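Chain IDs A, B, C and D follow the sequence of writing; residue 1 opens each chain.
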């Protein structure tokens, strides 16, 4: 038979839900406010960090992953891992095309490879 | 191991399973696997967005400033409220509350979902149409970075459009849940349809959280 | 395998209630939630699609007999190879083994009554035929001419054919794949019989588990990509449009993120089938069970990080080229491990050569060649010359036809007695297997050479110096066609006139052989409890193959 | 019979300096493929005969998984793959870097023909004349869909993309006539988008260039466009205009806003003409208007040739 484990029927107290809800509302207010402050490149970092935090709150409490089995967590992580593969390897092409022309920085790897062989 | 063929099956039990616990685990795992496909479905657009944002940064900032933060933020609040009401609807079923209470939370969730779509349509998409910043349908933008801004607006409409389609599907699912609740289908032993529909609803909420950050707040609004 | 003692001397199939005669009428099929019947619905559908794709291929090969085109206008030829590619990839090969044999066998092999979500399973089939219907509408309204790859900007802004309808068909069929994969993953995780631990699973299950992971993780990306392409075509502006700074290569990245793993959707289930066939017909435990099992998972994971080798000459960054090249070589290793383990399984076996085994051995040979010629394309310097030529066409046909299709035919022949309760004439089946093997090599081996000579693919007309090799290839294709038609005839014949098969005509191990043929609706008379590893040859229960081909009748 | 086999071609002409290296690797790969195919087939045949089932009740003896075998057929293929990767990649990197003193040719692909332009002025359609023994760099773009510039005899191939430049290079080693193919499906007449490459002795090539009708060089045509579109009103050569002087910029690294440094090449000049405000040079206002839609691909190439000629004049002066 299959592995029966984990407490999928965990009842989360209403107070937890309300606290998470308030945190999410506060997070939204915060991220909107920060957008009006000039942080340069850091604006994006802050906006994404807050978005990821909000996502974690929703996933862990509203979606009960805090109380879920290891299998559920692996499934979720796999989803994000594969999204990471897609973004990383696509960027490895799209964002390095100008490197070929630019001999500085990583572009220097080509003469290096030529030397090697 | 629960013996198959026990005389009395709880309501909602499907014959291919051994017991309710196995059935519930299966449906939860199934829903999570489906959400993984959704991550990658939206992920295709997020990948494209990431790359173009890097390549056409200035255009994307200019395009982003055509959107109004107040509507994006309001809609974020609305969706977070709907997530709370959804969670409370499931909790009511879990703890065996009267069906009236479950239906109350479900309908409140639907109202909030409909409010989101209404705001989006009336105050954003319709105005964009009037202002001529809908690529391919009504395009009259003449400002700086015109090609890149058009690209940004393509992303804006494709991403929020696909998200809105998911909201509409969610409203359909909620309607079915209300009917099922009214017909006394759920009990503290069997509420898996509520639970997994909740997962879907929260997922759609999460997608919006990212869309709000990426489309409205990108590169700051100062 | 079952500890319960079951009288294996079944009454004739007609007098027993089984999944085929449990109820009758068209409605009992169209509304069925029985995984076995759904498998057969798929079998019928994909056979029909195979005939369409095969007809397109036949017309192409006929046209290429003469350099100036023997039959078709270039425009028609372009539609033919597009139809062939789209139908064969999305509507035949991707669903072939998973949706037919997988649906039929997964619950039986793990000792379950059905898949986890039977209604969802039926919905998958309805989605699939809806996708097929869209594809047929597109074909009947003239056909698309984009190639199966749908590269923009040709497909989005230049083609004058019903691209949106065809893309929609593929999009819908994609959702069918997603739901099938999801169903399989949950079934394998949650529905295994008592005692059926992960390492007692037949390797077919491991292979389909790996395949299902690709369905779940890859298919959504092709869905959204084709969706964006359709929008671009409808709105005349979109994210792949170079006029507004879009990058057509981004489409190729997203397309191959799914479509390269899709090759492994086709080949992994075949590898699973071959693991079953090799063990059954040499009566041996598989050599290196865990290596074969984990190599399936390794292939599934690695398949997602190699897609850039389709783009070495497209203007992709040289750095990405280097990364994708080294990753592409990685996939050779688990593939090699599988081939060597199958070969080693034969060592000291008791090998018999019934038709399924001939297909399995043919698979190993052709897959070896297909895999090794892949090295030419993973190597950057040679890929520059060979990419986009007939060498690539030959290479992927060795994998997708020599590999995937041989495995599919082998599997159909192996489990046919279980599915229908009938035996087919083994002699005809052996003849057909040999014809397929010979015809296949005649068709595709010359294409390696003509590709190295520089003949680009998708050419309706070509320089005269390539004619000899093209004529050879077309001649081989006609042999191959005969090899495909013969099984269609005798398998259909056997459904009515074949002798009763009994439970286990091959003397094979595995839960599916412990139940009557055809199986009862709930698969097993007594829910099985598993106490042994897979492939525990010699099987301990009495063998039952009175009518088996090649066996002396008492 | 032997004569019939001889009719089957098995090798394309090898007529560039790149071909030899590629062919060597090809033969190595063919050797590896043959070796393993023969190995697997022979083992299978041997087992098929030796261990064929002799009686229906035959019981196969149990054999156990051998870690040594498993490891060896994991590690040996891995080592072969490492060697192949290193060899193929080194060759590829070398084959993708044109020698600095290459002669340039410009190619525009459109459905369904190849427009080829020599810097000296002559234009050709579906024909390419080149001198033997000289490295030649091809810079290509497309007016519509994706094409692919493929010369099998030289073992070179590159996609030709709309909105972007790609390039390849080759050095012909033999005179003769060779196929030019489009190797990326581009629509109805894809298979007729083919042409010929004529490799000539340098003297014959010079005669060919001089013959035919007299045309201005690409740089001269670009200079006229430079005036016609009013580029010279801002880009004044002494640097006093509203835009920077373009003298000598080609090939020099330019510091851009955000700390990025890019060498001024064909792609950057193209970007500057079509999407000027995507390039920020510190201390300059983004006032240049876009010329998208006003210039065709050929004119852009001519302008680039002109800008490049300014650079070489400056270098010559030094």
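FYI, a residue touches a chain if its C-beta (ideal position, glycine included) is under 8 Å from a C-beta of that chain, and two chains touch if they have at least 3 such contacts.
Just so it is clear, the structure is predicted and the values come from calculations on it, not from any experiment.
Relative to the centroid of all protein Cα atoms, the closest per-chain Cα centroid is that of C. The chain pair B-C and the chain pair A-B differ in C-beta contact count, and the higher one is A-B. With centres set at the average Cα position, the gap from subunit A to subunit C is 35 Å. For this pair, subunit A with subunit B, the centres built from the Cα atoms lie 18 Å apart. Among the residues of subunit D, those touching two or more other chains are numbered 89, 93, 275. Across the assembly, subunit A contributes 1-2, 71, 78-79, 82, 86, 90, 94, 110 as residues in contact with two or more other chains. Counting only residues that touch two or more partner chains, subunit C has 189-191, 194, 217, 221, 243, 245, 247, 249-250, 254, 257, 315, 318. For subunit A in complex with subunit B, the touching residues are 1-2, 4, 6, 8-9, 11-12, 14, 17-18, 21, 24-25, 28-29, 31-32, 35-39, 43-44, 47-48, 50-51, 54-55, 58-59, 61-64, 68-69, 71-72, 75-76, 78-80, 82-83, 86-87, 90-91, 94-95. Contacts from subunit B toward subunit C in the complex involve residues 1, 4, 14-17, 22, 25-27, 29-30, 33-34, 36-38, 40-45, 47-48, 51-52, 55-56, 59, 135-137, 139, 147-148, 150-151, 154-155, 158, 162. Subunit C makes touch with subunit B in their complex at residues 112-118, 120, 178, 182-183, 185-186, 189-191, 194, 216-221, 223-225, 227-228, 231, 234-239, 243-247, 250, 254, 257, 527. Of all the residues in subunit B, the ones that touch subunit D in their complex are 56, 58-59, 144-145, 147-148.
Within the complex formed with subunit A, the residues of subunit C that make contact are 189-194, 217, 221, 247, 249-250, 253-254, 257, 304-305, 307-308, 311, 315-320, 323-324.
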